[in-house]
Structures are given as structure tokens and as C-alpha cells.
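Below, chain A partners chain B and then partners chain C, in two separate complexes.
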Partner chain A sequence: MTTATSLTPRRTWSRTLLWQFLGLLLIVGVWWLVTDGLKIWPKYVFPGPKAVWTEFSYGLWGSGPQDGKLLSSVGNSLRRVALGYLFGVGIGGLVGLFMSLWRPLRDTVGSYLQGLQSVPSIAFVPFAILFLGLNEKAVMFVVVLEAFIPVALAVSGAVLNVPPAWRTAGRTLGASNAALVMRVLLPAALPNIVTGLRTAWSFAWRALIGAELLTSNPGLGRLLEVGRNTSNVALVIATIIIVGVVGGLFDLIIRAWEGHIRRDYGLEVAA
Partner chain B sequence: MTAQPKRYFDLATADPPTRPPQGKLGLVTADPLEEATSPDYSNYGESSHEPGHPHTAPRGATLELSGVAYHYSGHSAGRGLGSKMAAGLGPLDLKVKAGEFLTVVGPSGSGKSTLLGVLAGFLRPQSGEVRLAGHPIKGPHPALTLVQQEHALFPWLTVAGNVAFGLRSQRLPRAARDRRVAEALAQVGLSDYGERRVHELSGGQRQRISLARALATRPGLLLLDEPFSALDARTRAEISDELLGIWKSQQVTVVFVTHNLQEALSLGVRVVALRGGEVVLDAPTQGLRVEKLRGVLD
Partner chain C sequence: MTRLTNRAPAIRLLTMLAPTLLASGALTALSSVSAQGATSVRIGFFPNLTHAPALIAVEKGYYTAQIKGVKVETKDFVSGTTLSEAFAAGAIDIGLIGPGPAINAAAKGMPIQIIAGASEAGAVVIARKGVSIATYKDLAGKKVGVPSLGNTQDISLRAILSASGLKSQADGGTVTISPVAPADVAAAFLSKQLDAVIVPEPWGAILEAQGNKVVGDEKTVWRGGKYPSAVVIVNTKFAQANPEIVKGFLRAHLQAINLISKSPLAAQTSISSELYKLTNQKVDPRVLQLALKRTRITSSVDPEAMKEYGALSVAAGYTRELPDFTTLIDLSVIKGLGGK
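Entry: the complex of A and B
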């Protein structure tokens, strides 16, 4: 669902959108065909688009006592991910910057972060539960960690890759150490930092859903668990779609920003 | 005008302070109002270069290399005695006198850029010493501004932002900064390009903006590494004239690297020819012929 729209020239945007819409129609069409159309599986095993739509309408704008769960879950998850992501990005940026400026930190913390990044976020959940308890804190811990690692690595890598000619130019024009960092190194590293922010977002969002599922904190992750417990496959599918749409939307926003920066920096051929 | 920081040229300290002092030591100022009191250079080009000639007016400070050698690691290491000379520079002695226009020529790979890097304090020589006004310098110095061979404009800033970069370091007030930026852009003939992005410029325009960015800071010593290599003959002539005009009116010391022998002779007061990291000629340009220069370089 999230193809490289913003990285393609503006001119072809409407075209890309059209193709995406056609693709969506095709997917829903095939889905309808194998479920409600040909009735290959029973409804409670694999429901069709209509049943899932019903879950959406109850969950998002229904007003019965059991309704509106989807909407409140989205709210809860968004609140958590926003907090955790911002916090993780903040400390990740700082740690990454210090890593790039100070070699001992890079050689110690930096090399371990690389290894830590290959551990799936879900693997941290048991530790978080035992360490912090079966609560919101455990969820936040995992989200912060998953946002922190890619940002720290991206910032330190990006700053280290700044062409020496720009450092020399900054110095010869009289920049102090602080000015060199703020006015040369960080702006020069920005395109790669933003790519890191995008990675951090997808890591954090996945980590959140996983952690919510395991810790039963109200949110989209728990809704998946509720769906499983009540054998409500339609709710499970509806939740998956929401998770994909929310994750993809934010990714799209960062992508647009990334594309804007890359065009400004002359890293991309303008349309 | 008195509130404006004057061109920084601190003779008293070897280490660069974080902030340029305001109008210290009564050295050269770039204030156009003071042009009237500066020596008359209008006869440049026809005159001889006897001692005391305005070309080498003892304003500013002398930059001096003594016994300086710089060799790139990996080339100098692991070579036995009698092997080919390692890539780099020197050992050599060189004196850039205050206020002079020195050109440096040599074929590609002869060490011209290395020499500028050492003069600018970016390359620390393995032996020898670099002294500015008699004081050893250990790193980049605010009085020395280098324009690198490869353009190093900042793509996150507009053209005007690039030219203003050094002025922000000098904490120049906004209005003065804008004035200087406009002036520097006019000097390189690109007044209308302030709002452009770097990637929207041609190679030659980028070189001119790099020059403007250095000029705007009013350096005491301007180190230029093949600054006109991407310019067509006509623009080159125009900008050369502009540079000579600035040099005459502001008494900036210029070290100008080029591989163009004709340019080296027509612009400089004195020329240094490099070959294989060694100085093979160091002479006044007056009366010097291109053939002679070609001869020592072959």
C-alpha cells in the first residue's frame, strides 16, 4: 500500500494514485470472490469484505455499548506511539550525535546497537514485563527502544559520512565547534537522518502492536487478542487493516518530507 | 560603520579565538570609506616590483613555511630508501609576503592543493613550521580563508545563505550582513542569484559563489585553489579583473593556485612553480615568459 509515491516526480503522482486505486479494487474484488462469491471457506474462518466493513462501522462510528472499540484503541495506540517515538527519537538523536563526535562511544555503544537492532522487538517484551511489570511502562519501554536504535545509528552514520570538504568549508569560514555541528554537520546529515526517522517509525509502530498484544494494554494490539479470543476473524482483519493504514500514513508523511529535502539538496532530479 | 567588525588579522595570538575581536590592532579595514587613504595601485601591471612597491606593502601579516613537509600516509609509509618519492609536498621553504599576489603553478598532482591545505592550517605538516606574522599556527585560522578546488557550497542554504555563512560566524548584525552579501554577489556578477539553490547553478557559477562566500568574510589572506577552472574565457577575464580590483583596494594577500601558466603570469606579482612537491621556480612575474615557466615544469 505504501509504494514510493513521494520519491517519484510530482507529475506522475495522479497516475500513481490511479494505479494504486485500481490495485485496491483488484485486491478487494479477489477477496470478495474467494469469500462471499465462491464461499471456499466458512464465514467464521475467512470472512468477506462485507463482514469486515461491518466491524469497521461498529468499531469506528457505532454507538452501542460494545461499539467504538476500534476508535478508542486507535487513540490509545497513537498516544503511546507518539510519546514513545518522540522520546526515543530525542535520545537516539543525542546519543547518535555523541557517537559520531566521540570515537570511544562509537566503538563501544555503537557496535552493540548494531547487534541490538537485529533482535526482534517482541523478544524484548518478556524482559520488559518482568522488569517493569505487566503495564503501560513495559509497552513504552519497547517502543522507545525500537525508535531509539535506528535513529542513533542513522544520526551517527550520517554525520560521519558528511563530506570532508563541507567541514573544511565551515572551518575556514570561521565556524566554532558548536557552529560546525549545528550549522554544517547536522544540516548536511539531514537527508540520511530523515531516512532513519522513517525506519524508527516503522520499528516503533510494529513494536507497539506486538507489545500491546502481549501485555493486554488497551490498544490495537489488544484488539487483535480480543478478536482471537472471541473467534471474531472479521475484527482481527479490520484491526490489521487499521494498523497498516495508520503506519502507512505516517510513513507517507515522513516520505514527503524526505522527498522535499532531497529536492532542496539537489539529490534528486526535479520534475 | 564603526560597529562593524573589521577584517580580522590578529597578530598577537597564534591560536584562533572563538570570536573575532572588533577592530583590533588598527589593521586593514575593508571599509570602502577608507579606500581614499589606501595606497594607489592604479598603475598595477605597468610598474616594476622594486622594494617598497605597493604590491608588497607591509600591511597584514606574512605567512611563512620553513622546512615544511607533508606526505600522505600510506604513500610515505613502507617505502624503502631510494624508492620513488612519496606523494605529498616538500620539504620546502616559502614566504608569502603581506599584501602580495602569489600564484602557484604546476601540473596536476604536483602538490598545489596540498600546499594550500598546509598554508590554511588544514593539513598539519609532519615536519617544519607554518608561521603567521611570526607565530606558529596549529590549525585553521580566522585570518586565512581557503576556497577549495572542489566546490563545497552548502546545499541546505540558498546562495545568499552560503555567502552569509562566514558573516554569521563573525556575528555581524543583520543589516551589515545583508549589505556584504549583496556586495559579494555583485563582485562575482551574480547579484540576481541570491535566492537560488546550489544545485540550480552551473559549475562556473558555483565557483564564483564559492569565491563570493570567501570574499564576504573579508579575509586577510585568501587562498584560492584553481578558482576559475570551470569558467569560460570571458567570465574568467571579468572575475580576474574583479579579483585584482579587490586585491588592490583591500590589500588582501592572495595565494592563487592554477595550472594555467598564462593566468599565473598575468595575475600574480610573484609565481611559484611546483613539480613533484618541490619548488622549481620562485620568481617575480615581471618579465617572466611563459616559455621559461614551461621549461622548468617539463
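Entry: the complex of A and C
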């Protein structure tokens, strides 16, 4: 019995990894087949895996004037998204909390935020450029906005979903207003808040790349733009892969944390 | 039982991929159709003075008069990037484009050929009113705009910088290079987001008329002004299948160039009205005259300048491999028609 429970997670984990590997192999294989193999498209429209790998290697350890910038581009983009995300989460958390505590705020700001959330982030970029200039501030504005909205909505919704009995229990046990928020409402709402944090991350990351593409600050968006300007589709595809991998990795980290919390709260059974 | 469940995902993936494979087959069929026996010709250009022959030919109806038997469609683009994308997608047959995108496209294996020149020089460096930039060396620590990264003017700017001992910030220097569409430069100057800019005409003359200062005229930008700023490219497959259409295009091209040299006033009016039609901007006649003075409209292409341009693009890191210039540039048809 004990051996079975300790083996199962490891076995499923290694099996997942195997499937992941086989899936990746299949995708690259099909990609190679339709490009370099069958040459269905000309290489200036859809290059094969080898050409894209060449771009990766130039980006990582090339020595030309535009080479070796992949890591610094990823770093620049990550720095921007991290700052914007933290800022957005901070304001979003506060606004969300106030929305959950005060109904008029919820009915006004809350519903506006719902509407605002349906506006694609890229639609804010021209406005941000006019308002803040063609610089990093414009990018940050969009990232902060995109991180702020889901967090504010998630916090407000999560706190409202805390069972009323828990509030009563808290009050009965003598909790003041501040203690009720800090020690009852927020801890009880944590699992749903973390889900909001994850949504906010993917929104912020997407907003970042879109905004970088239009403002061309050094970063992944600029890499995409240079690839486009120089008819270098391989560089464009390489950058898309990097954007996906980085975004997915961070999503995975937050998801692991979310799973951990949900298990701690007894909302999920340990796999 | 376990084997069955294990196989299921692979089958599912294959069924998911099948439509993609089918669609790709259909796409190749489509692109091969357009190559032979064209019923229409699609011509691309930008609303810039360096593309003046196209502006005149469209306004005066030269294309429709000279290209017989097929429908002539013209389309204006904002930059070489979008025009080159349209070429890659097979949506444009003949186009006027800067040497940078033309070289890059050819280097990436796009089936294109340069069959004529359109203009030389016609790019200037302008400093914002109130910023003290007297020579190129003063660009140190400044924010300089280019129409787009890796385009003809961007490459020229990088050549200017390295000749003045400067470097862009991305390469560890002090000059910040940011891409700004020429039409947006006036606004960027007003909000002080840019200190200087390198733009194709007529934007230089327009900015100058607004009180901004010319730092370097077209001659100081590169090679004493003897560099191509727009050339005519054609899809090689299209050209092979439709030599008469290409000839007709080139006749119209020469006719427009001749109008500029023979009756400059009529040419200016024509350019002005076409620019207004495309961009909704009224260009002052004196501004246009100044801009035209700094742009040499010509049907010739200097292969040496193209090669040097390719080398500059390599030095700037935008190009890794260069095309074979002897096959890329073919001026036999335009020369046969009396062009230079």
C-alpha cells in the first residue's frame, strides 16, 4: 500500500514527460516534413526547423552586430513584465478588496472593469503612445492595466464568495475590521485569488509582446519587428517559440503554486 | 486495454493535423496559378517622393495606357516591410521598393529581380527645432528616428554613425534609434520624443518648412548622394510568363520619369494631387520643389552602390547572406526601351 502511493505520482510524471517528448518529436517531424521535406511552401514564407534553429544559435551565441541578443531581449521583456505585473497585482489587489467591501464601488468600478477587460490590450497601445510617448512607459501602462483588471475582479469575487458564516465566526471571536480582512477574508479567498493571479500573468505577458511590437523598445517584440522588416521569417518563428516557452514556463510555476494552495485548502486531492 | 488507451492520443493528433496538410496543398495550387497568363497586374508603391514615377504614372493613367489587355491594379504601402510581405504572399507582381528590402528579400530566396531604378538620394537628416545638432557628431546621446528598423534610411543612419565614431544604444553606444513612421515625426518632435530623424522626401522638406533644421542634406547622407533610394522589382515568375506586361510597365515608368525632366511643373502638380489622394496631406508647392531638388528621379541603378549597400546592411547585422547581384539586377529591358 505504501509503495503504491509513493510510486504512482512518479510514474505518471515520467509518463507525462515521455508523452511530452513524443509529442514534441511529432510536431517537429511534421514541421520538417512539410517544409524541408516536401517543400510545400517556399522557405521565405515558412522556413523549416533547421533555419529556425540557426536563428536561435545566432541569437544565443552569434557574434554579429544584431546577434547574441536573444537572452538580453528575453531579460528586457521579463524585467518589464515583472515590474508591470507586480504593480498591477498590487493596485488590483487593493481595488479588488475595496470593491468587495463596498457595494457602490463594486456596482460602478467593478462593472466598468468587466467591460474594460473585454477590450484587447493592443487596442490601448496607440492611446498609451500618444499619452505617454513612444517609450517604455507606454508598454508598462498596458502591462499594468492588463494585470490589474483580472486581479481586481478575482480578489473582489473571491472575497465575496467567502461563506458568511466564517465572517460571523470571525466577528464572534472578536476580530476587528482589519483583523477580519487580514485573518479571515483574505486567507479564505486565497485559492481563487491565485487563479486570478495566473490569468493576470497570461494577460500581462500577451499585452507586453503586443505593446513591444508597436513601440519597439529592446525586447522580444522588437525582435519580431526586426525579423519582419528584414524578411527573416525564421527569426519571427524563433521569437514566437521563445514567447510561448517563457509565457508557458511562468504559467506552469504559478499553476504549481496554485495546485499546492488548493491541496492545502483541501479543494483538490493530491494526485 | 492499456495499449488501446495509449494509442488514442496519437490518432487524435493525426486527425487534428489532417486539415492543415490538406489546406497546405490547396495553397500551393493557388500560388502556382497566378504565375502564368496573368489577367491582371498588381503594382505596389509608397506615397513618398522617392516613388515619384509611380505617383505620376498612376495619376496620369500611364500604366493603364501602356499595359494593354490586362487589368491594372495599384496599391500603396506604408513601408518596404509591408510591400515585401505582399510580394512574399504573391499579392503584388511589380513594385517600387527601397534597396534594403529588395536585397533582403532576394537573399531569403524570394523570386524577385530589379529591372529598373526609380530614384536616387532623397533622404535627409533633420534636427528638431531648438536641439543643438550642427554636425553628425552631435547626434551623440540623442534620440534619432528612422522610418523602420532595417530599412534603407536606418542602414544609412548606421553608416553615418559609424563614420562619425558613434554607435547605437543597442550596440553599446549612446544614440537611441527608434522606428517612427515619417508621417508621425512632426507629432514626435512636438512632444520632444525625438531629437532628430532621417526621413525620405518629401517628409524632410515638410519638417524643414515647420522650422526644423537640416543637419545633413541628401549628399552628405551617403556616397555623395549617388545611392539608390527606390528601385523597381518584379516577381521573376510573373516576368517570365508576362514579358509584354513588364515592358508596358517600364514604358509607363520611363514616360513618368521623362515628364519630370521635361515639364517639372506638370509633374509636380501630378505628384501633389496623387499624394493628396493617398495621404490626405496637401504639400506646399515650394516644399515639393525643394524635396524634388534633393531627389534624383532616374531609371538607372548603380550595381556598385547596391553592392556597397548590401555590405552596409551586413555590417549593421540586418543581413547575413547577400544575393548574387549580377542575376538580381537585370536592366536589359529598360535599356532596350531607351532608359539609362
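Note that in this section the second predicted complex is superposed on the first by the 259 of 271 C-alpha atoms of A that agree within 3 Å, B and C clash if a C-alpha of one lies under 4 Å from a C-alpha of the other, contacts with A are read in each partner's own complex, and residues count from 1 in each chain.
Here is the rule we use: contacts are C-beta pairs under 8 Å (C-beta built on N, C-alpha and C of every residue); 3 or more make two chains touch, one makes a residue touch a chain.
Everything quoted here is computed from the prediction, not taken from an experiment.
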Original post:
Does the chain A-based superposition show chain B and chain C clashing or fitting?
Top reply: fit
**OP:** May I ask for the angle at the C-alpha centre of chain A between those of chain B and chain C, rounded to a multiple of 10 degrees?
**Re:** 160
Original post:
Counting residues of chain A in contact, which comes out ahead: chain B or chain C?
Top reply: C
Original post:
If you stack the two complexes on chain A, which partner ends up touching A:W41: first (chain B), second (chain C), both, or neither?
Top reply: second
Subject >> Partner chain in contact with A:I193 - chain B first, chain C second, else both or neither >> reply: neither
Original post:
Where does A:D67 make contact in the superposed view: on chain B (first), on chain C (second), on both, or on neither?
Top reply: second
Subject >> Contacts of A:A175 with chain B and chain C, given as first, second, both or neither >> reply: first
Original post:
Counting only touches as set out at the top, which of chain B and chain C does A:V95 meet: first, second, both, neither?
Top reply: neither
Original post:
Touching A:A165 in the superposition: chain B (first), chain C (second), both, neither?
Top reply: first
Original post:
Taking the superposition as given, does A:W19 touch the first partner, chain B, the second, chain C, both, or neither?
Top reply: second
**OP:** Look at A:G266 in the shared chain and tell me whether it touches chain B only, chain C only, both, or neither; answer first, second, both or neither.
**Re:** first
**OP:** Using only C-alpha atoms, work out how near chain B sits to chain C after the chain A superposition, in angstrom.
**Re:** 33
**OP:** State which residues of chain A lie in both footprints, the one left by chain B and the one left by chain C.
**Re:** none
**OP:** Could you pull out which chain A residues touch chain B in their complex?
**Re:** 163, 165-166, 168-176, 179, 183-184, 187-188, 190, 264-267
**OP:** Would you tell me which residues of chain A are touching chain C in their complex?
**Re:** 19, 23, 26, 30, 34, 40-45, 58, 64-67, 69, 133-135, 216, 218, 222, 225-226, 228-233
**OP:** Would you pull the chain C residues touching chain A in the complex into a rising list?
**Re:** 9-10, 13, 17, 21, 24-25, 27-28, 80-81, 84-85, 88-89, 101, 104-105, 107-110, 148-151, 170-171, 178-180, 188, 191, 193, 315-320
Subject >> In the complex, chain B residues that touch chain A >> reply: 18, 20, 120, 122, 140, 142, 144-146, 148, 150, 152-157, 165-166, 168-170, 197-200, 213-214, 217
